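There are structures below to look over.
Same chain, two partners: subunit A is paired with subunit B first, then with subunit C.
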Partner chain A sequence: MPAIILADSLFGPFFRKYFYYYDSYPLVIQIAIFLTGVAIVTTVVAYSSILLRRGRGYLVDARTKKINQFLDNLITDHIIFNEDVMNGVALTDVQIDLAPFQKPIFRQTWVKQALIDRLIYFSSSFSGDRNVLFRRLFIELELEKLSFKKIKSISLSTKIVGLVELTSMGIAVADVIILPLTNSRNRKLRSEARIAYIKLSKNDPFKFFDDATEPLLLWDQLELFKIITTTEGLTIPNFARWITYSTNKSIVSFCLKLVIHYNQHEAIPAIVKLLDTKDHYLRVDAINCLGKLKAEEVEEKLILIYNNQPLRCQIEILKALGRFSTGNQINFLRNEFLRSTDFDIKKNAARSLIKHGRQTKEVVQMLIDTATPESAIILKHCMNPLIKY
Partner chain B sequence: MKTGTYIEAVGEFYEGAVFIYGTTLLIIYAILAMLSLGAVRRFNKLDKHIDYNLLLNSELTPGVSVIAPAFNEALTIIENVHSLLNLNYPNYEVIIVNDGSTDNSLELMIKEFDLAEVDFAYNERLKTKQVRRILRSTNHAFSKLVVVDKINGKAKADASNAGINVSSFDYFLCTDVDSILDRDTIMKLIKPVMDENRKRIIAIGATLRMANSCVIEQGYMQRVVVPRQLLPRFQEIEYIRSFVMGKMGWSVINCVPNVSGGLGLFDKEIAINAGGYDPLSFGEDMELVIRMMTYCVNYEIDYSIRYIPVTLCWTEGPATLKVYGRQRSRWARGLAQLMWAHKKLLFNPRYGRLGLIVMPYNFVFELLAPIVEALGIIYYIVIIILGAINWEYAKVLLVFVYSYAIMISTLSILWDQLTYHTYKTWREIIILCLTAFFEMVAYHPLIVFYSIKGYFNFIANRKHSWGNMQRQGFGQAGPRTRAITANS
Partner chain C sequence: MSDPIEKNQQILLIDDDELILKVINRILSREGYDVKTATNGKDAMELIEMQKFDLLITDIMMPYSNGFEVISKFKQHPNAEGVPIIVISSVGTENAVREGLNIGADDYLRKPIMPDELLIRVRRFFK
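Let's look at the complex of A and B:
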């Protein structure tokens, strides 16, 4: 009601002036007149916004293009084609001429920001000596101070930008600053803080795994996986530590993926313990991991638990048996293929039998000869090199 | 009581009911506009930090099956399949379902892609017309391609179901073989799935637009242009409003009623358990989504359906009234059919948002809207004839409705401009904005007319002619026509 009174006090005089009988109109018509005014004003504002946005976008694009060209030339001349580097001078003795980067134009904040963005861009495109020089320039021009200032900002999006800048340029940040951010409620900040922590922490880059209360989303895992597997000089821990103790299921699941990537056989006992977990999605991940690690020693255990497992786990066990290809479970796989009425079980049993290669050549041929046409075609499907899945 | 008094009483009741109906609808539009603005801004803010290329080289990238049914697409099938095979995504397969084409599209594909019949174990989880054979390429360059050759099922739904049966991955992307996809389509659509772990994302959609007048070469979008013809241009505005404002707004409160058949990523397990596409439905895309939601509620799965405000697909809109009318009648019939088939969900609190928001909104403000509008026009004419109209009030109300409609369309275009910058010139934007002024008088009556025709067909159970929808084709030197299943 106060809103209506306010609206009436704001717009009422206008309508009374131009609609002589405004007060005598029924309420419906008064509302319609009022809302017509609102609609017209909103439409005009919307048009103006569209035009202004496009105009501003055009100007910003043109400005950015111009300054980027200028910055690229500077960076190319003084870093990429740095005379000292070209002459083979030791990296520590290379001189960077800072003067061109300290011209008055660089006093403007947006130009400094453009320089930071270009340095990040070049830094991601180059490696080795040039990368060290980009970092040196970043520090010598005190641009990292701007990034640190951003991290301390109240605005979460500014904090994120600061973190991304420091991470991209490989500038060390104290654990005490980043660690609290790794559990931030803001998803993007949390994710960037975790990446930054792994990349920049000097002490224990995986420490946040211990305290992570928020789940690691699949996208977070994708980002972390890339950082972990591509960061040079990172000491890779035994991920069994978190597989055993972490109460965060997404951390456990992620560690299983890392175990596969780093082929950490020492983690097998921890993974075997995970077969008793009640969460069958995690069990699927554990069985998958054991299969990919070719942990043949767990073959018997997998057979033992097979009948009590849900379909997803059973399929994963069949795949693992194929990956092991020990030859000990040919009868089991054959029986599953013949006995099961489930298409996916039959298909995975067949695929695992075929994966055994020569060991099962005769069995597979016998099955093709004696199985029903529906079953035989599953075998042929799995044998066909043109069919991947 | 005298007859005149009866008429007056009915008139008053009708006017009151329409007032409440109209006001509620306008309030809903205003709420959707606010919700979608928030969603678009939030998306923009986060998206600028996202490096989608991470997906390209990761072991953790989820697999996706792209399913594209095709019927008599010989004219463009080769270039369109090439473009589907070149999407920016490392882990996907392309399943082209040849739905009993009577032209030489299959032969062309066999030749172009070195296809050979394989012993494929076809698991018919969803019932379809008989699959004659499955072909794979002997050329490693096309190893992602699977071609399913089946008997015509007289519906895109049947072909899509066959594609789902053949698919290998947990998520499938359904599209039309003649639609043009952005190269990053899969990356953009899979992202919401990877960003959520509390709810199960069962479907994701994105904005579709008109491909008419766009410059398309070899199956790739080269230059986006606002449609030159009026009818497709009206549809462009309608699509922007529907996707950017409507569906984005509904997405915020997890009440998305439909993921378009032209482009949608679906959770395969849920789609299969819900029974797949219904070949007998005239609105198979919405029907599937409603059934997937129903399934989730029945099995207590905390689901979510998402939309992203990015244009990832361009489809050719009908350019002639005849084709347009057939399409819209079919859509309206599909909506009526769906409401009838799922009437138990309406206002049913057991189904939560589905029963109390999605279905009631679509029943009251989508299904009934053309009827209310048609009755309104008749009522107007009657009171004009009877001389009972108050012209002053009538004009005020008409101006109000007209200006409100333009405001909603303009805001949609503005929201769209926040994420979509592919119109090259100011002129195109201005043309689009100006078209909104004529939409209500020149385009909206068509929607009302063809919707009522569709309802009539549904009630009369008239046989629907699946016939052919003539399309112009993309990027050709001259106008060539080709026939596709009437499934748009």
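Let's look at the complex of A and C:
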């Protein structure tokens, strides 16, 4: 009651002044007053919720910072400065004192989660014997159970967190769990699952290529490429297997890039078959791959198909001829340079001619002497060693 | 613990990663080195102005001014004469290593760091 009296004494005159005649106001004014009221209430609610969330975030941050300091000291004392490691004891005989990590505080889920996060952070910051010990601690404290629980969660974001945790700590995940995730419709989950599979699978890290139906996006290709080329001890298969049999074009395209990286000449027959594919983007990748592998044996075939190809493929063929630099196609390149009206064709033909070095020195000079001013500019541009393609 | 002759060597450690800073600081201090830390190039330069160090250990990717800038400024400083520099960085590309060594670093360590390896390399400079 006193609150009502107080409110009436404070706001009463205001409400009485403006709302006493509310019913008698025109409809437009009534709506305006109503909407103004709604706007004020919504703003107050929105700002309050932002304030509350920020307040809660601040408290969580402060709590996490405090626990992280505690955990950092604990991990540093027991792993980084582990007495056995410092005294040169063999890694298999090193003892980790688990008691400090089993104190009652660690029964709380958020503290366990903070410990997982810190172990992952330590693991990514330090290598060698300590890294093995971080993993051992993770397993001995049975923290992987929490991560596996996350993988089984319905929430996709929780699944991703679980996968990242297990991958970071190098914990193997059964194929039956991880393989279906490599084909998830969720892009992020799919990507993480594929990375995890390559990192964790002992026998056949590229097995998911067999059943991949969802596309491997360019960004994912970049990530996978980095993982594949930097993971130690990975068994590298012959990628011709997927170039021949995979129906997933993005997988084929990715395998072509891996073939180039690992210089797999044994894959050339499979790549040559790709020259007959209807997808001209894939043909571009195949020609690019053949050029970079310096598969001179396909030179004749590339010349044969040249006239029936779209512009992108023609450019790639011209580049490949430059990479081969056999000297057999100098006339072809010269004719393309003189005949074509397309700038890209002219430029790549000129570039490939110049790439032949001494073999084409006279031809190039003759072209400079007789070319139109525009063609001469292209030639000189291509002769500049500082300009890369 | 290593030779007591090595003690009281002044080391400046620069890294924006506080965990690495804290752990390496503890490792080196435990060995008897006198370690000063900075989390960015600006603070590091202030410390360099104030005192002479016997070894500089720096990260590359840092706020304000990166490790390469710190090294080149440090090299021009009178306090830097003959002071060895170790770079620790997660940028492990050939170019970065080349640039680091070209600019005047004496050693280049890739992250993640092996604490024992770092210690051995530090000791080597004080032999």
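Definition applied: the second predicted complex is superposed on the first by the 349 of 389 C-alpha atoms of A that agree within 3 Å, B and C clash if a C-alpha of one lies under 4 Å from a C-alpha of the other, contacts with A are read in each partner's own complex, and residues count from 1 in each chain.
Please note the rule applied: contacts are C-beta pairs under 8 Å (C-beta built on N, C-alpha and C of every residue); 3 or more make two chains touch, one makes a residue touch a chain.
No experiment lies behind these values; they were computed from the predicted model shown.
When the two complexes are overlaid on subunit A, subunit B and subunit C sit side by side with no clash. Contacts of A:32 after superposition: subunit B is touched, whereas subunit C is not reached.
Legend: residue contacts after superposition of the two complexes on their common chain; A:157 is shown touching subunit B, with no touch to subunit C. For subunit A, the partner with contacts to more residues, out of subunit B and subunit C, is B. Shared-chain residue A:236: touches no atom of subunit B or subunit C.
Contact with neither subunit B nor subunit C is seen for A:91 once the two complexes are overlaid on the shared chain.
Contacts of A:226 after superposition: subunit B is touched, whereas subunit C is not reached. In the superposition on chain A, no contact is made by A:366 with either subunit B or subunit C. Minimum Cα separation between subunit B and subunit C in the superposed model: 8 Å.
In the superposition on chain A, the residues of subunit A contacted by subunit B and by subunit C do not overlap at all.
Per the touch definition, subunit A reaches subunit B in the complex via residues 25-26, 28-29, 32-33, 35-36, 39-40, 42-43, 46-47, 49-51, 53-54, 57, 157, 160, 164, 187-188, 192, 215, 217-219, 221-223, 225-226, 250, 257, 261, 343-344, 347, 377-378, 380-382, 384, 386-389. Residues of subunit B touching subunit A in their complex: 19, 26, 45-46, 49, 54-55, 57-62, 93, 116, 118-121, 123, 136-138, 143, 168, 191, 193-197, 393, 396-397, 399-400, 403-404, 406-407, 410-411, 413-414, 417-418, 421, 426, 429, 433. By the touch rule above, subunit A contacts subunit C in their complex via residues 72, 76, 80-81, 121-131.
For subunit C in complex with subunit A, the residues that touch the partner chain are 17, 19-20, 22-23, 26-27, 30, 111-117.
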